[in-house]
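A, B and C label the chains in the order they appear, each numbered from 1.
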Amino acid sequence: MKTMTIAKAINEGLRATLANDAKSFLMGEDIGSLGGVYRVTEGLKAEFGAHRVMDTPLAESGIIGTAIGMALRGHRPICEIQFDGFVFPGFNQITTQLAKIHTRSDGQLSAPVVIRIPYGGGIGSIEHHSESPEALFAHTAGLRIITPSNANDAYWMIQQAVSCKDPVIVFEPKRRYWLKGEVDTENNPGDPFTAHVVREGSDATIVAYGPLVPVALAAANAAADDGHSVEVIDLRSISPIDFDTVEASVNKTGRLIVAHEAPTFGGIGGEIASRISERCFYSLEAPAIRVGGFHMPYPVARVEEHYLPDIDRMLEALDRAFAY
Amino acid sequence: MSTSNIFKLPDVGEGLVEAEIVAWQVKAGDIVAVNDVLVEIETAKSIVELPSPYAGVVAELLVADGDTVEVGTPIIRIGGSAAAPEESASPATPADVPAEAPAMKPLVGSGPKADAVRRRPRAGSPAAVEAAPAAPAAPAPANRVLAKPPVRKAAKDLGINLADVAPTGLRGEVTKKDLLSHRDQQAAGPAAAGDFWAHAPGPAVAEDPRIERIKVKGVRKATAKAMVDSAFSAPHVSIFVDVDASRTMEFVKRLKVSRDFEGIKVSPLLILAKAVIWAAARNPSVNATWTGDEIIIKHFMNLGIAAATPRGLMVPNIKDAQELSLKELAIALNALATTARAGKTQPADMAGGSLTVTNIGALGIDTGTPIINPGEVAIVAFGTIKQKPWVVEGEVVPRWVTTLGGSFDHRVVDGDLSARFMADVAAIMEEPALLLD
Amino acid sequence: MGAAQQSATGIGSENGTRVGPAGASAGVLQPHTVGERDMVQLLDAAGNRRHEDTFGPYVDELDAKTLRGFYRDMAVVRRFDAEATALQRQGELALWVPVVGQEAAQIGSGRAMRPADYAFPTYREHGVALTRGLDLADLLKLFRGISNGGWDPRENNFHLYTLVLAAQTLHAVGYAMGIQRDAAADSASEPAAVVAYFGDGASSEGDVHESMVFAASFNAPVVFFCQNNNWAISVPFEVQSKVPLVNRAGGYGFPGIRVDGNDVLAVYAVTQWALDHARSGKGPVLIEASTYRVGAHTTADDPTKYRASAEEEAWRAKDPLQRLETYLRAEGLADDDFFAQVKNDGDELASHVRRATLALGGASIRQKFATVYAEAHPLVAEELAWFENYEAGFAAADTQTSQGGAA
């Protein structure tokens, strides 16, 4: 067991990937000599060479499109999109090409491209650097989307993404890059496309992912003071969603809160709430309640604290759930 | 080979629905080869020549120059003939032009298709539909009652614990019907009243079929004994006081919406319980036991709450109620009631009580002469609180009024003490803020 | 590089648009543009051979059989194209994308490729498909609405048709970068290059620019082959660019060649040159083949609405097949028997395609469930199970209606 930050864990996971899979390589802007704007790829170019850690021209569509070509040739590119807000020039290649190649070729061609994207807010940054666009991609069949919330998952999930035959987008919670955690480099935590119960409880379930998992845990602890026992689930995989774990939990607790930084309207929370309402109807003590950002472009740093779901917003949702 | 082929007007332009026949290039009797131009048509987008899909002799033109024709309409019939095929522009042997394409008929247009307006006929058994609309959810854990949200709300409104209700729903849930029939059984009187006079239920008894016998046993037997012991050993004196409990009602209302009390049931009984505890502290003799040799005064309050349970009347008590905050007392009252309704009250819960409250108001009764719980010397009857005319500063106004009743063991509590005790209880009901001292 | 860019008439002709200030100050781009009249040509519209130093040699060494082969390929693909168009008019295809007029650009470039090379087409490269050895009937599945692909690209090194314009140019560059990686890992691997096809319309898309940036930065072994057929549906080339597209190559720093796209010999020659350049590690090349989309954009289009028939007539006079036939006959390299045989070959292919198309089964929605992901996926499995159950609830209908999706 080693203690390391999420950024370091991803770095180690990439190191292990490059060492184990000769066809794998990294490509992105500023990932080589600079080691990435968050230093996630630090030291990898020195260790593996420019051939395996490639600085690309500043062109997101170009990065994704050429990665597809390289994957078609049998290689395993791991792309980095520098910030969530800059994935959009590559959106066409991701949705019309990467997601569809397997279907278009009647199952004969695969493009196992991994795309790493730092996402989320809470870092006091300027425009376009705090987005949570995961719902746009989740709504696109053919892609898989995962997001680690802790160092151990960060270490393992990137490696599992690379060995998956389907295209995988890995959303990395950038405000948690410095969050430390224990990493077990010997035992992999299992299927990356499953959810984990990270806190058991009996009165309500909070489902969260990525940057909000620590917040959900804090909210659950605070709720304990009020005499409520709250279960917290780290969703880990946004597409596919491990509904079985969520359903089992809500059948037990009768109340569901889903939280994400992305706006509530049109977000993943709606999919989960809707599904749970259908599947757990007879167990529900209260309607499923979503906690998310407001329907507005991500606001300026000075007011982002009012936008982001925090412990109070989650407790407010819990209060409402318990009022029924 | 001699079978004829029909060529239907295709959609030549990605979603067109009709075309006009401009000029036929062939007539009946002409020999055509595959791909020979048959006709010129005009669509919304352009003028197009249609080549023949078949070889053979033109049997019949089915539409005329100038006609506007919908996509899919047969426009020409071409009979296969022995001579024609070999002359064709493409060597289309008869085998090339199957009378009916085995796997796929010619497309008649790729554009929008008309919506189906009739339901597809279903397979025989409707059970197929029920089978698994969405793979049935795993059965709920044993301790969770299943019920649809509207049923849960109805249960809450009716004050019925869903766990008490026998579920008959398909998925093991309590249905609305279950809930209502449970309620009806609880209030069996009114429902059965209509039939009551006709005959008695149960096995017919020899002397008169209108006579019903119920064996006395269990709780009822024990309760009866206790009541007799109490009623005929302790000289009961009952006194009553009317009180304007409007401020209590208001206070309860505010507690209900306070964040602190979210999820906790609050009723006027909570205030009364607090009042009784407060008043007992000021009039200790009411919180006592008469042994004949001694009067044992308790410096703690194990507050009994008379509760109707499925097994009969029971009086579980809240131990050390004097230690509890308002919120804790509320939680304790709720727990006591829930447990009692579920029939799960334990003997230990009922032992050691020091003073009892009986909430007859829940049954709609104004007041009454309660019987003291054996081992105690006082019992308070809490009746309904309802709007009644009251005089406030010389004016008659509607206020929330209740009659508090108390019965006391005259051996221990004389008139003076009992009156002061009741007045103190009433004072709190009138002004709960006095509790703040 | 200068010689390669020059046409027989020399560079910087007065037709070239002047793009900068007069004079030759340092830092000021000089207007070395390749003009509209500049192009490599070895066989003119009348069928006369033209001499050219750089590219001529590639053709001079070809034997008669190969030359006849060029004609045959062009004629056969034209016949195929006519049959596919007829099938659409008969309701057998939802749509067809005609290649007529562009045969030389495609046969010439396709025949210059080696088996190990890889082609990324747009959606009109039926001629290239022929040279890659595809069964042309496979091209129709897409237009019949039963597949979005239709063949296994790995069998003939010919990628699936890509309908999002220009998207494939990036895939082509990436593939070429993958070839580089393979060569770096194993120096004994056969040198190979990629041909990225795109049109004048697509050249305006950002992806074409980005693909050229990447190709130049990484020196990728890719030949960008632009068929400038002068029309992007109804929008004429002048709206896409004021200067011939070949001039863009200079902006990226790699060679560009403008060739007469209706001259199969010249196309073959310049593509050979470009592929040698790429395969030998010298990096990308842009070829602009000047040709004409004689037919409509697709069978749903009507060119009479936006262009003059006079223009079409002028281009028909520059027909690629006609000039080669004239040359072959004049040189005694082909006779009536040959042309009759070619016609037969064409009719046979057409017949085969017609038969194969009519025999195509329907598509299967179940197959679509199975091919969303390469690995097992719980939601897809669940939805499939739901669908099976849902369908089972209906009375057994006549399941012969193909495209509805039963089977």
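Here is the rule we use: a contact is a pair of C-beta atoms (placed from the backbone, for glycine too) under 8 Å apart; a residue touches a chain by one contact, two chains touch by 3 or more.
None of these values were measured; they are calculated from a predicted model.
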More C-beta contacts across A-C or across A-B? A-C
Central subunit by CA centre of mass proxy: A
Inter-chain centre distance, subunit B versus subunit C - centres from mean C-alpha coordinates, in Å: 66
Just give me the whole-number Å value for how far the CA centre of subunit A lies from that of subunit C. 40
Centre-to-centre distance between subunit B and subunit A (centres being mean Cα positions), rounded to whole Å: 37
Going by residue number, subunit A touches two or more other chains at none
Tell me, which residues of subunit B touch at least two other chains? 134
Which residue numbers or ranges of subunit C touch two or more of the other chains? none
Under the stated contact criterion, what part of subunit B meets subunit A in this complex? 134, 137-138, 140-141, 144, 146-149, 152, 169, 171-173, 259, 262-263
Write out the stretch or stretches of subunit C touching subunit B in their complex. 82-83, 86, 88-95, 144-145, 298-302, 304-305, 347-348, 350-351, 354-355, 358-362, 382, 385-386, 389, 392-397, 402-403
Could you please specify the touching residues of subunit C with respect to subunit A in the complex? 147-149, 152-154, 159-160, 162, 164, 167, 169-179, 181-182, 184-185, 206-207, 210-211, 213-214, 217, 367-368, 370-375, 377-379
Complex interface listing, subunit A residues touching subunit B: 247-248, 251-252, 254, 278-285, 287, 319, 322-324
Give the list of subunit A residues in touch with subunit C in this complex. 22, 25, 51, 56-57, 59, 61-62, 64-75, 77, 89, 92-93, 96-97, 100, 102-110, 112, 141-142, 144, 164-166, 193, 240-243
